[in-house]
Amino acid sequence: MTETDSERAGSGRQPVHHSPDSGLSPGSGLLDLRRVGAHPDFWYPVALSRKVRTGRAVATAFAGERIALYRTESGTVHALEDRCAHRQVPLSMGVVEGETLRCCYHAWAYRGDGRISQIPYLSKGDGRPPRGVRGYPVREAYGLVFVFPGDPEKAALTALPELPAFGSPAYKTMSFSRTVHCHYSFMHENLLDMNHQFLHRGVVGKLHPQLLDSRTQARSVEASYLFKHVGGKRNRGAELLATEGTGRRGSADVLTIRTDYPYQTLDLVPQNAERPAFRLWAAYVPEDAEQRTCHAYGLLMIAKPRVPGALHLAWPLIRRFTERVFAEDRMAVEAEQRAWEEQGEDRNHEVFPLILDVRKVLRANGVPLVPSGGTARCGSAPGA
Amino acid sequence: MTETDSERAGSGRQPVHHSPDSGLSPGSGLLDLRRVGAHPDFWYPVALSRKVRTGRAVATAFAGERIALYRTESGTVHALEDRCAHRQVPLSMGVVEGETLRCCYHAWAYRGDGRISQIPYLSKGDGRPPRGVRGYPVREAYGLVFVFPGDPEKAALTALPELPAFGSPAYKTMSFSRTVHCHYSFMHENLLDMNHQFLHRGVVGKLHPQLLDSRTQARSVEASYLFKHVGGKRNRGAELLATEGTGRRGSADVLTIRTDYPYQTLDLVPQNAERPAFRLWAAYVPEDAEQRTCHAYGLLMIAKPRVPGALHLAWPLIRRFTERVFAEDRMAVEAEQRAWEEQGEDRNHEVFPLILDVRKVLRANGVPLVPSGGTARCGSAPGA
Amino acid sequence: MTETDSERAGSGRQPVHHSPDSGLSPGSGLLDLRRVGAHPDFWYPVALSRKVRTGRAVATAFAGERIALYRTESGTVHALEDRCAHRQVPLSMGVVEGETLRCCYHAWAYRGDGRISQIPYLSKGDGRPPRGVRGYPVREAYGLVFVFPGDPEKAALTALPELPAFGSPAYKTMSFSRTVHCHYSFMHENLLDMNHQFLHRGVVGKLHPQLLDSRTQARSVEASYLFKHVGGKRNRGAELLATEGTGRRGSADVLTIRTDYPYQTLDLVPQNAERPAFRLWAAYVPEDAEQRTCHAYGLLMIAKPRVPGALHLAWPLIRRFTERVFAEDRMAVEAEQRAWEEQGEDRNHEVFPLILDVRKVLRANGVPLVPSGGTARCGSAPGA
């Protein structure tokens, strides 16, 4: 893949490339970003590993494709189309038997690849049964179950995201899993535009974010900000999260946010510290066919302080702080989604070049959503 | 009506007539069964008699036609279109006065046949009022209020279902009345395909249903199964229901299920018994215009045991058992309906000849549903 | 404006002009009244003044246009389009700073006229920001916040309704503010047709309303009724409301109801009294774009009795009575709206000339609603 670097400092940005509403106003010929689907040829988390217990099936989804996950007696997780081939009843309502999953209704049994292994009552004279349902490639990593919803032949060639801090003894990970009623693109824009700290003024105090530099490539946008605390009171959880592991307490931090399609990361390095105080990795996985709802999976890797046990004590405060920040962000992005639905199109009037860049990246790397009713199918979803 | 018998034993079925998805796949030219409406030229239960108290009106419906039932002071039940001719306010919100029903809003009064008997404030110079609203033929039997939603001229020629066990001193009846969010056809298919006992494994144990024979006619499908209990624990209510009245306790029963359009029955005869331990009669009455919801009315006629009072003691256990079985069936058929709505068409892949037969019968005896918005009207519904 | 008087007494009505369903049956060529929007070139209440506290913003709406109201530190109320020009997040979620309103998300600040006063982080090289959002003319009177949703140039020329009793020492005002799920026209018809007292029989007893006379003009319909109490028990609150301030206790009252587009009033004068026992002023403000829901604002001005403090004691009883009457009316008009939505058109069969008249007035003075999806816009709504 050829990547076009257009590195530029905060002061050297080229606004000529960014008309305020480039491609977003009706009639521009460009697809509305909120009608661009997440490209299926990536590994997407669809459940926390611990939620898929041995011998149990659970329902999940990617972009309107219902998926049944089940963990066999031997501990392997499989992902099947969540419709019995017989009468379309969800297989996630079924019963795990050894390595197979049996539909709850007429007891048809499926193997992990989606093939039917048994129909208990089938007679010779009966109709020819279907061969099975679609099976998805599955991988478990970082406490998450990933599936590959796109072309299965590409699964083996496509890497899982790399999270070196996850396994490091210097970091401890807090997991998040939540449904947000918005198009995934609003989540990327939210995190990349740090001018939205006003939204969190109640917990982070008054911050002055200054864009240090940004870099846009074909599949990524990265931005670094200097955060200066200029007033107001910072919540104790915020304080702990930003400094605990590094021991540095300053009035300035460097935040680096990166959309690396389709994932997003945020690293915070306190002033004079040598390593990040925390690193966040996030994926926003569309749930419904129209992709108006996404499921946010997050891994917050927090640097362990030198004092053993200190992070353990700080943990509930940090979690409370992140819950609050997430709730505020959700309120904003869901309001954006509601406005889009009422207005029927994207009327955003963006002025921040960085955000215009990430929109381009998300549009260029996604797939068009076919407008339709409840039967919408999108992405490259070959049959089983 | 000429009925084409195609009697056949379980072993001699002719699968050549049944391609797995005959008529159900898109492009087959056949109407999707879930878009076939119940034929209105039959008597349909629309309420339990005891719910229509003297001097009161209640709301019910058939296939999107709202119906007001009211019981006059003299005890007769009438059924009217549930819209005042004046301003369309439901007459079921009205007040019974003697033999008439008065709209709650401006006090227009109606006779039992739907004709207006009085408009309290009408002056000579006012506009000519409408003549009334539609009245439906009504009959009460078996503790149910039946209406005839179709061509009223056919009502007198159409028989109510015959339930000899209902009045018999040898049986006692338990009534059911519940809304199920599915097309009525899913209910017929559910009961006729006894391979679904896997769904009830928690209460009936492990059963091996063996199809003994089946018979399909123009308006009916009948199937007999031998049920062998091959393991697991059978719930006490199930035990009582299957044996109480006959005194026989065996490991095998013969179940005969029959769709006799538009009704359905199930008789269970325990091994070596001379009469059924119970007989179930059921009707699935569409509620909404699109017939995606039905109201199931059931009469479960249970053989009285020789010991007086024994059935009285068993009653709550039997009821609890039937409630649980019904809840499990509802979970399955409602999942089928949801899948149909999401997929926009019937993607079932049926392999059981019996079920392919009952689909044909339901399709051939029903009426096409006109796809439409909230104003759908279906069936032969002549004005008042 | 040329007004065509067609004054007539109750006995001299000319039904020839009123076929029972003139213009309401499909195919008549006339627009369905329930598809006629309220004309935006009037002052409409959109909030109780006391709900818009100093330094706070609240959300309201007119016919699908979302409006943010905020009261500045100096006490002035402003009304802005409730969408930040940046990312469409509601400004009503924002923060009041002095005389400006700041969006909660990226802190863009707006003046009371909708112009942007500050974008905190905008750099020289960034895209050109929008100029602002629409601002609405606002007036406060009678404890209500009024906006002018139509052509702003007409605002100064259009008078607020005149309510002399509001400021009079002889009357005390009870305010109402409630959402009703119906087209505003059902509210006008409800109040004007006093034959609907049957609906309130539980609280007003048995009334015989006799139409004394009515007068229809281009923009108004007025009707006077003589109310004779002919039986049943009248609720204590009703009793107090009708007589308290006048000291007259009789079995007959004169009610005068007037639709004076777009408002409505009702005056009750007890037999032999010289002034109204109460005067009601009401406005029914469409909330959604399809105008299937309205917000009813009411001012009930009740004559103060000679005994000081007596009204204070009667107040809770009067409020309870009016709550009940309102609940009954709401039940009826919402049933009408549901019928309209199910039937997809107005199938009313009106026979009362007065109501046919008010329909004409509402149709002639309103604006057509463009049928559409969730993005409907109606009325004359010029940009900011």
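By written order: A, B and C. Residues from 1 in each chain.
Following the convention adopted for this analysis, a residue touches a chain if its C-beta (ideal position, glycine included) is under 8 Å from a C-beta of that chain, and two chains touch if they have at least 3 such contacts.
Keep in mind that what you see is a predicted model, and the values were worked out from it rather than measured.
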Path length in the contact graph (subunit A to subunit C, fewest steps): 1
Equivalent interface positions on subunit B and subunit C, same or different at half: different
Rounded Å distance, subunit B centre to subunit C centre (Cα mean): 47
Numbers and ranges of subunit A residues touching at least 2 other chains: none
Residues of subunit A touching subunit B in the complex: 83, 85-90, 93, 102, 104-107, 119-123, 125-130, 373-375
Subunit C residues touching subunit B - in the complex, by the definition given at the top: 10-11, 13-15, 18-20, 193, 195-196, 198-199, 209, 331-332, 335-336, 339-345, 347-353, 356
